[in-house]
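First chain A sits with chain B, and in the next complex the same chain sits with chain C.
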Partner chain A sequence: MKFSVDRDVLAEAVAWAARTLPQRPPVPVLAGLLVAATPEGLQLSAFDYEVSARIEVAAEVAEPGSALVSGRLLAEICRALPARPVEMSSSDAKVLLSCGSTRFTLLTLPIEEYPALPDMPAVAGTVPGDLFAHAVGQVSVAAGRDDTLPVLTGIRVEIDGERVVLAATDRYRLAVREIDWVPERGGISTVALVPARSLADTARSLSTAATVSVSLAGQSSGDGLVGFEGNGRRTTQRLLDGEFPKFRSLLPSESSSVAVVETSAFVEAVKRVALVAERNTPVRLSFTDGMLTLEAGSGEEAQASEALEAVLTGDEITIAFNPAYLLDGLAALDGSHTRIAFTAASKPAVLSGTSGPDAPVDDSYRYLLMPVRVAG
Partner chain B sequence: MSRSQLRRGSSPPPGAGDDTGCTVLHVDMDAFFASVELRSRPQLRGQPVIVGASGGRGVVLSATYEARRLGVHSAMPMSRARRLAPQAVIIPPSHRRYAEVSEGVMEIFRSITPLVEPLSLDEAFLDVSGALRRLGTPAQIGAMIRDRVVDEQGITCSVGVATTKFVAKLATTQAKPDGLLVVPANAVIEFLHPLPVGALWGVGERTEQVLTRLGLRTVGDLADTPLSTLQRALGPAVGAQLHALAWGRDDRRVVVEEPDRSVGAEHTFDRDVDDPLVVRRELLRLAERVGERMRRAGLQGRTVSIKVRFADFTTITRARTLPGHTDVGNEIYAAARALYDALGLDRARLRLVGVRVEQLVPVGSAPRQLALGERERGWREAERAADRAAARFGSGVVRPASLVPDPDAARADGARVDAARAGGARAGGVRADGVRASGRGEPSAPTRRG
Partner chain C sequence: MRAVRLVIARCSVDYAGRLSAHLPLAQRLLVIKADGSVLVHSDGGSYKPLNWMSPPCTLEIDEPGEADVAAGVEQVWTVRHTKSEDRLVISVHEVLHDVTHDLGADPGLVKDGVEGHLQVLLAQHVHTLGEGWTLVRREFPTAIGPVDLMCRDASGAAVAVEIKRRGEIDGVEQLTRYLELLNRDPLLAPVTGVLAAQQIKPQARVLAADRGIRCVTLDYDALRGLDDPTQRLF
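After this line comes the complex of A and B, so read on.
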């Protein structure tokens, strides 16, 4: 194996592939990054049995071949290299890397023990990279992080023809996003549960791709796999098993009042007032005609309050939320204004984005937030 | 049962010794569990009687003075107690009854003064300074307490009367059994100094060794040692504290029950256990008990911890903090089980497991993050209903199906071999359809509430 490659191209590719390296490899070879030079260019792969990543970049290949080297070390080296073309070659059990006047000799891992990466399943459809990354980011904030409830650490992906619905919940909030995509064939209808953390990572890393193609396989049989490809990068990840909660029934069908608040002012106010909210204590929101009052803290501790302009339609309401959950939702909304619909102080509120009090509501993203019941 | 049946020791007549200013009373039941058992078994009076679990590796929980004379004492392994007192009658404990008697005794105390500091089920400090005008001198009050405990609960107790807590407690020790001792304010030094150093509050085995090495055997020796010497040997805090105690100085006040900092329960297995199912079932039982106690005390907690002691006595604890406060046994179990499963013990042999809930707050004072789709009435209400059933029909009438005792084993009481065989063969079947309480077989955490 022998090739030369642009330093920045290599560094970016190695950094991207190295994200998939397992923190604690179950077998030593999985700590390796597979470097393969083909007549078409350079290919880097990493795999941790759950997620696989492969990236192809342009390189001048003098001699095709492949080698398995420590991924973490290669990533650190590439980050530190001077801005000169990089040359890599393998000989015996070593890989030589030279860049300018710098030389590295890396030991190789036994390539014959490295597992084959899963094949990319059949393509189901395509979606623009930036839209995909944005939508996944909006939904993943609501995903659970508690591994004792694995189902809730996933994002539910429902594909129905040209519509894709993404949903995640940690029992306290629910985020639902609908996007349009281009299905590979008409009449497609399927669901999958994808681990939220790795999906968010993947989507972010594919955000610059003009289109991301999504592949799905065997989602009903328990060894389901989902694949994403764009910009010469492809990843696969295993699907989660289990029954995702029936989230549609959680979305309230009606509301008793609706408030519209300018989002950036709302975010700033929540952040300020929440400074006095002890861990696990809520921020209280009181919506009256024309005004939103935020309060936090109790009589025995520090207190804070702030008033904001708000347009209220319907009944006045006082409701309390975990400030972190509220901020997660506000940060995920599109548009300059936040629309909050309520039914009661003990029932979930629905946040959605809009561009002003009289503007139409953008219902493609909804963030459902369960309130905190205040003591007493 | 009449009072004459109960052995009354010679107590000094009330008022003997000058009890002026001796407003601290320490009251301790005599051989508490054993005395309670003897109420219903008067034929055993005068015999060595031991309360403790007869099987496996229990310890002596209580012993009558007849048994103590044979060398048996509390916390001694049962096997050893049986060797020392082969003729002793062994009675398995009935904690429910002890709790009832204890409640009655504490009620007597509280009718005398609100300043009652219970130390355990059978022991408390009382500050009677506010009751003197109403009820008489401290010694008279002490005598009255002793009479009322005998009359109302049928057991005897001993009372120490002094100016400070630790002297009162030492006086009780000297008064036992069935006696009362006043240590007058001007006789404290005289009373203390002949005592061995080990009698002092805070002197354990280690400290005693250090003191013995310095040639200090009695409290008097300690009192006559310069403070600086003690502080060099024992550290500044302990040295100063022991020196003060040796001179009868103890400024701890009687405080009415400090709020609990945690609620926990633990269980030592009869034999080391390596079966995860058995461990989980025990965790469920302990979690249910902790939840029940928290609900009774009106507390909720946020941090659940488990304690695991291996066969070689190595002990580890693991804790996790929940998103919100809980007093629900089922939620405590879910956290405890997750902690246990995360240990990945791979059939290591366990001697003991424990479950504890910390960061307690009074119920209703903590804001609660509601969950989506949560039912108005969930596990908490189910468990509260079980509490009410237990209050009416006895504890354990409603419990998780996996904790319902094997009916075969229960019936074959006394035919242990048969019971074990039947239990082993039937355990799976019985528990699988044991739907008496919650309809759940294996202990398992619910994935969602409601």
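After this line comes the complex of A and C, so read on.
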């Protein structure tokens, strides 16, 4: 194996592939990054049995071949290399890397023990990279983080023709996003539960791709697998098992009042007022005609309050939220204004983005948030 | 006799030896335990004494010297460590309270109270581990000790469950030993394993996955019925 490649191209590619390397590899070869030089270019792969990653970049290949080297070390080396073309070659059980006057000799791992990466399943459809990254980011905030209920650590992906619905919940909030995409064939209808953390990571890393193609292999054909490809990067992830809660029934069908507040001012105010909210204590929101009052803290401790302009339609309401959950939702909304729909102070409220008090409702993203019950 | 003596006194304390420390004159709680150890507590700092001498040690109570008498000292307590040169010197200015109690035999600390309770609760709610699961019995006997729970999954296959408060490498090893033994029994085999714990260490998770053991994180409060579903979406 012998090739030369641009330093920045290599560093970026190695950094991307190395993210998939397992923290605690159960077998030493899994700590390796597979470097393969083909006549088409350079291919880097990493795999931890859950997630696989493969990236192809342009390189001048003098001699095709492949080698398995410690991924973490290669990533650190590539990050530190000077801005000169990089040359890599393998001889016996070593890989030589030279860049300018810098030389590294790396030990190789036994390539024959390295597991084969899973094949990409059949492409189900394509979606623009930036839209995909944005939508996944909006939904993943609501995904559960602890393993008590493993299904809640996933994002449910429902594909129905040209619509894709993404949903995640941790039992305290629910985020639902609908996007349009281009299905590979008509009449496609399927669901998948993808681990939220790796999906968010993947989507972010593919955000610059013009299109991301999504591939799905359902539970019926062995282990469920989802694949994403764009910008010469492809990654597969194992799907989660289990029954995702029936989230549609959680979304209230009607509301008794609706408030519209300017989002950036709202976020600032919540952040300020929440400074005095002790751990596990809420921020109280009182909506009256034309005004929203935020309060936090109790009589025995520090207190804060702030008033904001708000347009209220319907009954006046006082409701309390966990400030961190509220801020997560506000940060995920699109548009300049936040629309909050209430049914009662003890019932979940629906946050959605809008461009003004009189603008049409944008329901493509909804963030359902459970209020905190306050005494008295 | 397991007597413990509690003294509340106005005193100053000096520690000499591996480290030097001085506590100025103030009211403090002095605990003299039956094993000879002496602890100096203030009214804060939770379980931690301000200063202490671990056993083996001896306590001598002496009359103060002239200079000390002039400073108002009534008694000088010197606690010497038997095996080193460390000394804890307590200059007692005034004893406000002095009481001695016999505590009797110590039953010891029961650390696995939560673990035992988790076993009872999980036995009652076997479905937490999977839909359609049934309990065979708690404390299922094997030649090397009982397995916490023996269950049957929805398809009727035997599953051994090890319950821990914190799932660590040890728990995985323990379960592996049980599984090896249980799988020799042709009536039970194949037996799979589940490590159920309130919290599972990443190392334990990797080892468990490598050995085909499933990890389940338990919610103690939910099992006890302490959580409040009306505070959640579902």
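What we mean here is this: the second predicted complex is superposed on the first by the 371 of 376 C-alpha atoms of A that agree within 3 Å, B and C clash if a C-alpha of one lies under 4 Å from a C-alpha of the other, contacts with A are read in each partner's own complex, and residues count from 1 in each chain.
Convention: a contact is a pair of C-beta atoms (placed from the backbone, for glycine too) under 8 Å apart; a residue touches a chain by one contact, two chains touch by 3 or more.
Owing to the predicted nature of the structure, the values given are computational and were not obtained by experimental measurement.
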Partners on chain A (chain B, chain C) - clash or fit: clash
Chain B versus chain C as contact partner of A:Ser70, first or second or both or neither: neither
Touching partner for A:Ser89 - first (chain B), second (chain C), both, neither: neither
Chain B versus chain C as contact partner of A:Gln23, first or second or both or neither: second
Chain B versus chain C as contact partner of A:Met370, first or second or both or neither: both
Chain B versus chain C, judged by how many residues of chain A each one touches: B
Touching partner for A:Leu250 - first (chain B), second (chain C), both, neither: both
Partner chain in contact with A:Thr148 - chain B first, chain C second, else both or neither: both
Touching partner for A:Asn280 - first (chain B), second (chain C), both, neither: first
Which of chain B and chain C A:Arg171 touches, first, second, both or neither: both
Stretch of chain B, among 40-48, 112-120, 328-336 or 418-426, that runs into chain C once the two complexes are superposed: 328-336
Chain C-contacting residues of chain A that also contact chain B: 148, 169, 171-174, 245, 250, 346, 348, 368, 370, 372-373
Of all residues in chain C, those that touch chain A in their complex: 200, 202-203, 206-207, 209-210, 215, 217-219, 222, 230-234
Interface residues, chain A side, partner chain B - complex: 148-149, 151, 169, 171-174, 245, 249-250, 280-282, 320, 322, 346, 348, 368, 370-376
Chain A-touching residues of chain B, taken from the complex the two chains share: 302, 323-324, 334, 338, 364-374, 445, 447-449
Chain A residues within the chain C interface of the complex: 23-24, 26, 146-148, 169, 171-174, 245, 250, 346, 348, 368, 370, 372-373
